[in-house]
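Two complexes come next, and they have one chain in common, chain A, joined by chain B in the first and chain C in the second.
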Partner chain A sequence: MTSSYQHQGTGRDYQKNLLGAWYRRLENAPRDGTPVAYLFISGNIGELLRSFGFELLFPEVNALQCGIKKVSGGMILKAEDLGYSSDVCGYVKNDIGLAATGNRGPFGALPKPDLLVCTYSGCNTYIKWFEALAELYGARLFLLDVPYRRTGETQRQEDLDYVVAQLEQLAAVCAEITSRPYDPDRLSQSLAHSRAAEDLWVRILESARHRPSPFDAFFEAVFFMAPIYVLRGTRECVDYYEAAWKEIEERLRYRIGPVSEERFRVVIEGPPPWPHFRNFWELFKRWGVCCVASTYSKVGGIWDFGLRHDPARPLESLAEYAVNCYTNWDWTLRRQMLDRYAATYQADALVIHSVKSCRAFSVGQADVREYFTKTRGLPTLFVESDLADPRYFAEAQIRNRLDAFFEALEHRRLAAHRPEAARPGA
Partner chain B sequence: MLVAGVDIGSTATKAAILDENKQVRALSLVDTGANVVRAAERAFQEALRRTGLEAWDVTFTVGTGYGRYRLPFGDLQVTEISCHTKGACFLFPRTRTILDIGGQDTKAIRVNERAEVTDFSMNDKCAAGTGRFLEAAAQVLGLELGELGPVAAASRKPLKITNVCTVFVEQEIVMHLARGCPVEDVLAGVHQAIAGRSLGLLRRVGLEEEITFTGGVACNPGMVRALEERLKLRLNVAPESQYIGAIGAALFAWERAAHGEAGRQKNTSCAEAGTGPGGG
Partner chain C sequence: MEPLNFFWEEAKSWDELVEKCRTLWLDPAGSTVRAWKQQHPGEKAIGCFPVYTPQELLVAAGCLPVSLFGGRGQVEIDHADSHIQSFVCSIARSTLELGLAGHIDWLDGFVVPSICDVARNLSGIWQHNFPKGFVLYLHLPQNVDSAAAGTYYRGELERLRDSLATLTGRPVSDEAVRRAIRVYNRNRALLAELFERRAARPAQWPVVHVYALAAAGNLLPRQEHNRLLERALVLGDANLCPQRDVVRVALRGAFCEQPPLELLEVLEEAGCAVVDDDLQIGARFFLAPVAEAGDPLMALADAYRHRTVLTPVNNPGRRSRSDDLLRRCQEKALQGIIFASPKFCEPALYDSVLLKRALEGAGLPVLEFEYEEKMTVFETVRMQAETFVESILFFSER
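Coming up: the complex of A and B.
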C-alpha cells in the first residue's frame, strides 16, 4: 500500500475550495446585484434557476455546515427560545436560529432570498419551513408540488406533465424577478454539464464494488457529493468530478482504501449525525468498516439507477429528476434500493442511522431493519441520534451498539473459519 | 489456571473468577459509584480474596460493561452483549433468546445454536423499563429493592402504569397512592409496565425458546412472574443472574488462556504490594 499518492486529498480539498468560493459569491450577491434563490437539495431544479442568473442557496447545506462545525446546538436553542418544539426537525430549527441571529454562520454572511422555491413536497415540515422563511424575509415563495412516486407503477406521464406545467410557471416568475427571458438553450447547456458530472459521479460511486473499496460511500461521499448538489449544471462542477475521479482511479491502482484494512463492508441508510460526524466515523474505522453504498449520498439524485438530465428535453428531464428523488420514493422502492446495494456491493451488514427529529423520513426504518434481519438474513444495526441536534447523540450507547454489532460479526466470521470440533456446542 | 471477568455496570460492578475446568470459583459485587476504576479493583480483589489466591494466579482478565475501557488490569474488552450471551449459553445451553435488564439498560439478544449473537436490541437513551425504573418506584414507596417482588406478589388487581418516563413515574405512583390504591397493586403495575417494554424489545429480535433472563433485575421474583405471565412461557433464571455478564467475560478469558494467551501484569493494589510476579 502506498502511503501518499499524486492526487491524494483532491476530492476533499478541491471540494472545500469550491464550496468556499460559492459561499463567498453568496456573501457578495447583494453587493453584486445577483438575485438569490433558496431551494432544497432533494429534487432541486437548480439548473432552471441558474439559467436566469440566480445564485443558489440551500438552507439544508447551511444546517449541516453548522452541524459539522459544531454551532448547530446554539442555533437550535435559539429557535426553541422562539417557541419551536424540541420535536421539530433539527435542520429547520438550525436555520430558523441562524436567520434569527443575523443569518451569519461559520461560512460567512448569507444573503436574503429574492425567491424561495420549495422544491421538495415529500416532507410537510419542509413546506412549513419555507413558509416560515417567506414570512420572515417577506420573499416570494413558489411551491413546486411534486407527486409522490408510487410503488408498482411505471413513471406516469401525467405526473411529469403536471411538474412541467409548474416549471413553466416558475420560469415566468423567475423572468419577472430577474427581468430576463426564459432561455431554453442556456438551460440545455447547463443540463449538458449536469449530465457529464452525473456520469463521473456514478463512476466514483460504483468504484466501491472493488475489494477493497477505494472510497467510503457514506463518510467520504458526503464531501464528494457536495459539488453535484450545489453547483450542478456548471462547468466547474464537471471539472471537479474529473479531478476527483483521478484520485479514485489512483486509489484503485494502488489498492488504497479509506480504512487501512477493510474488514467489513456495510450499506448505510440515513444521514450522518453532523455535530458528531468525526466521532461517528471513528467508531466505524476502529472496526475496519467501509461503507460501500449509502442512501444518503442519493438524496440529491439516484443517477446510479440510470437517471440523467437530458439537454434535449430540458423541462421534462428536470421533472423526471424531481419526481424520482430518493426521498420521494415510497418504502418499497427504498427497500428495493437497499436490497440491490447489499447484493451488488457485497455488503456484510446494513447500518441504519435513524433521525430522532425526523418522523417523515425515519418512520419505516424499523420495518426495513426487520426485513433485512429476518427475511434477508443480513445483520442490521439500528442506531438513533439526530442529524443536527447534538443533544441526541449519546456516544457511550452508540459506541456500545457498534462494538457489540461488529464484535458479533467478527465472532461469527471466526467461528465459520474454525475447524468443526473447535466450535462451541460442536 | 484462573481467569477473571469484571463487569462494570452503571449501578453495580461484578467480578467472576473461573478455574481451568470453567468452574466458578468466586463471585463478588460492589456498588459502582463514581469511581469505576476503584469499583473494578474492589470487585476483583474481593473475588480473589474468596479464592484464597493472588492476582498473579489469574492468567487472563476480560472487562465488560460500560466501564470496560477503564479497567486498568483488563487484558481484553468485550461488550456486555457478547458476555451475557456467553454466560447465558454456558449456564443454559439451549438458550435462543436473552433478556438482560440491568441498572440503566435493557437488552434483548437473539442467539443461534452455536451461541453466536445474531441480533440484539436495546432501550434508547431512556431508562424506562430498566432497573432504574424499579429503583424510582422503590424510593417513592419507601421500600428496599429486595422487597419489591414479594410486595407485588400480594396484588390482586395490578394498576396500569401509563408513564414511560423514569422521572415522571414517581408522580404517577404518588397520584395512585393519594387516591388510596394499595401499594401492592401500584407495584404490580410497575412490574407489568417494565414487562411490556421488555416484550417490545424481545419481539424486535424475535422470540424463540428457551429464553434466559439475566441482569440484576432477574433477581426480582416479581419481575420474573410479570414477564412469564406476559410471555406465557417459563424463563431460565440462574441464582447467579446478576453475575452472568462477569461469568461470560471470564469465559472469554478462559478461551484466550486456553489458546495460550497470557495477560498483562495485574496492576491492582494487590499486585502493587509487591507480593509476587505479575501476569503470567
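Coming up: the complex of A and C.
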C-alpha cells in the first residue's frame, strides 16, 4: 500500500518486532535466570504463568515459524528418522526434529523448559507431544485437563470448577518452582490488559463486516493474532492492538483492503498450509477473494462470542477461556459458528482447508461440507493439504480446484444478474 | 446367524465353543443384539465406543451394552466416505458406516468416551446424523492425580446415569449400579483367569481362541458372558495340546481398533506366543476389583483414576508407561514386544516411539508394524514375525 497512509503496514511490522523481541528474551532466559514454561496456544493460561515470572515458549509457534520459513520439511524428516510415523501431526514432528538438532530455529536458540503446562483444550496430541518433551528434557509436566465444550448446554459450572481447582494446583506448582507466592493482584492486573486487548481484537475481526472488508480474517489475521496469543496480559500487547486498530480504521476511512477489488467474500475453516502460505494466499487473491471470517483465528480464544478475561474473577475467567477455544468446541457448536459467520459476514462461500496433521480440526469437516452444500445451499470448496508438512501441498491440483470453484461462482453470479431472456437456452 | 440361544451351555468341546464365539464376533451387524431386542421388547441396546466405557451404568439402567469395534473387515465403506476423511483410522470410519448404512439400526444410543481427537470429533458426526440425545459423550479425566478429577468424573458418571434414565424412562438406583459392578468384577476375574492360563500354557490356549471368547462379551449380556467363560475354562482345561517351541511376546497397540483375526493367527504360526496383550482392553481395564460397597459412582471414579491398565489413551499420572511395560516383561518372562498399531492411530503411534526406546534400552527386541481392518495380505507380517522369532531364539541359545 502507498506510503501516503499513516498507519498502513503497522499490524504486520509491529507484530514482527514484538515477536522478535520476545524470542530474544527467550534466548537470553537461561543467562538472565528467567524460568521458562512451555505451553500450548489453545486454552493457554499464560497470564497465570507470567504472574510468577515465567517467560513463555509455545512450541506450536515455533513449528509455525519453521513452516513459514520453509524449514519444517527437514525437521519432520529428522523426527521420522527417530521413529515417528508419517501419519502423525507435523507440528509435533517439527518440534522433535528441532530439539534433536540443537533447538535452534529461524528465530534463534530456544531455552529448555523448567515447566511444561499441557492444556487438554486443543487436542489430544498436545498430551502426547508434552509427554515426549517431559521425557526428553526431564522436565516437570502439569496436565491441565479441560473438558470438551458440548452442545445444547450453557457453560457447565462443574467444568469450570474442575479447571479452577486445577489452576489452584498449578499455582502451587509454579510457586514451588519459582519460589514466588501466588499473587492474585498481579494476575488481575494482567487480566485487565488481556481484556483490553481482546476488546480491540474483536473490533478488528468485526471490521470485516464492512464491504469491502478492510481486513482479511484469515491470511492477515494469522499475523494480527500472534500478540494476543503469545503476549496476552502485557501492556505491550494492548499497545499493539491499539496501533493495529488505527491501521484498520484508516483502511475503513479510505476503503482500502487486502485485495484491490473485493469480488468474493468467504469464510475459511481450517488452518493455513504454512510452508506454502504465500502461494496459497495468491491463489485466492487472483480471484479477488477476501476472507471475512475464519475459525483458525479462534483456536486461541473465541472472544467475538462475548467471552473476556475478567480481573474480578481471575481463575474463573481463565477457566472459561480455556474451555472455549475453537477445537475444544464440539461439532454442533463449530457448525453453528460457521453458520453465524456466513450470515453475519455475508459470505459468498465456505472454504474448508482440511489438513492431515490435525485430526482435531479436520475429522468432521467432510460432514460439515455435506451440511453446507446440501442443507444450507452455501457453495463450499474443500481442499486438502497440511499445515506443517510441505509434502502434502499439491499446488497444481489445489489451483485447479480453486479456479474451477470461483469460476463457477462467477458464472452463477452473472447468470443471476442477467435478464431472463438473455440467458442461453432460456 | 441364529438368535441368542445360550450356545455355551450346549457346547461339547473347546473348538465348538470357540467357533461359535468367532461367528458372533465376525458379525458386526450384531444379529444377536437384534434377537435380544426382539426377546426384550422396549429395552435399549447402547453402543459403546472403545477403549473403555463404564458399562456398569448401562447395565444398571437395564440396557444392553454393545461394544462397537467397527466393521471388523466385513463392511465396505460407502456412506461414511462423504462424512469422514480417508486419513482416519478404520474403526472410526467403519463404525460410522455401520451406523449410516443402517446395519445397526437396533442401536438406541451411543456412548463415546473422550479417548482421542478422532473419537471426540466422531461424536460430533454421529450427533449430526442421528437423533437428538442419541450420542452420550463422556469426558474421561486426564489429570488423574488431582483429587478434583475424582469429583469431576463422578459428576460425569452421574450425568451419564441421568441421560440413560431419561432414555429408558426409569431411574437408576445405586443398588442397581452395585449389582452391575459385581457382575463386571466377576467378568474381569474370569477374563484374568483365562489370560493367566494362556500365559502359563500358550499352546493350549491359542491367542485367537482366547480372543474370540473374550470378544463374545462385547455382544452378550455380561452375566451370560460370565457363564460362557466359566464353561470355557472347563472345556479349555480338557483341550490338551502338545507344547511348541515358541517365544513369549507382548502385543501392544490394539487397545482400540482391532486387528484382523488372521493377523493373530499369523503371529502364532510364526512362533510368537502372545502372552500379554492390549486387545479389547476395555473389558480388562481395571487391575483390581471395583469396590462393591459405598458410593458406586465414586467407586468407578476411583478405579478409573488409580487402578487401570495403561494405554496410550488414558493418562498414567504419576505412573509411567515404560516402567509398567518393563515390569510386565519381567513378570511374564517376555522375550520380545510387538507394536502393532492401527494405521493412522496417533495415540498408538506416539507411544510406540517412547516405549520402543525404553525397551531397546533394556535390551528387549521389538517388532513394529501397522495394520488395518481390511488388511488381507499378511505375508510381510509373517516374514517379519518369523525373522523376529528366529533372531530371539538365536540369541537366547548363545
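Please note the rule applied: the second predicted complex is superposed on the first by the 420 of 426 C-alpha atoms of A that agree within 3 Å, B and C clash if a C-alpha of one lies under 4 Å from a C-alpha of the other, contacts with A are read in each partner's own complex, and residues count from 1 in each chain.
To be clear about the criterion, a residue touches a chain if its C-beta (ideal position, glycine included) is under 8 Å from a C-beta of that chain, and two chains touch if they have at least 3 such contacts.
Small disclaimer: the values here were computed from a predicted structure and weren't measured.
Once both complexes are superposed on chain A, the partners chain B and chain C fit side by side without clashing. Legend: residue contacts after superposition of the two complexes on their common chain; A:A21 is shown touching neither chain B nor chain C. In the overlay built on the shared chain, the residue A:A343 is in contact with neither chain B nor chain C. In the superposition on chain A, A:L144 makes contact with chain C only, while chain B stays out of contact range. By the document's definition of touching, of the two partners only chain C reaches A:E135; chain B does not.
In the superposed pair of complexes, A:N400 makes contact with chain B only, with no contact to chain C.
When the two complexes are overlaid on their common chain A, residue A:A172 makes contact with neither chain B nor chain C. Chain centres taken from Cα atoms put the angle at chain A, between chain B and chain C, at 80 degrees to the nearest 10.
Counted by residues of chain A touched, the larger count belongs to C, out of chain B and chain C.
Contacts of A:A109 after superposition: neither chain B nor chain C is touched.
Once you line the two complexes up on chain A, you'll see the smallest CA to CA distance from chain B to chain C is 5 Å. Residues 366, 370, 384 of chain A lie in contact with chain B in one complex and with chain C in the other.
Of all residues in chain A, those touching chain C in their complex are 82-85, 87-89, 92, 120, 123-125, 127-129, 131-132, 135, 143-145, 147-148, 150-152, 158-159, 161-162, 165-166, 169, 330-332, 334-335, 354, 356, 359-360, 362-367, 370-371, 384. The residues of chain B lying in touch with chain A in their complex are 66, 78-82, 89, 93, 113-122, 124-125, 204, 206. In the complex of the two chains, the chain C residues touching chain A come out as 81-85, 87-88, 92, 114-118, 120-125, 127-129, 132, 137, 139, 141-143, 146, 148-149, 151-152, 155, 312-313, 315, 341, 343-344, 346-347, 349-354, 356-357, 370.
Of all the residues in chain A, the ones that touch chain B in their complex are 366, 370, 373-374, 379-380, 382, 384, 392, 394, 396-397, 400-401, 403-405, 407-408, 411-412, 415, 423-426.
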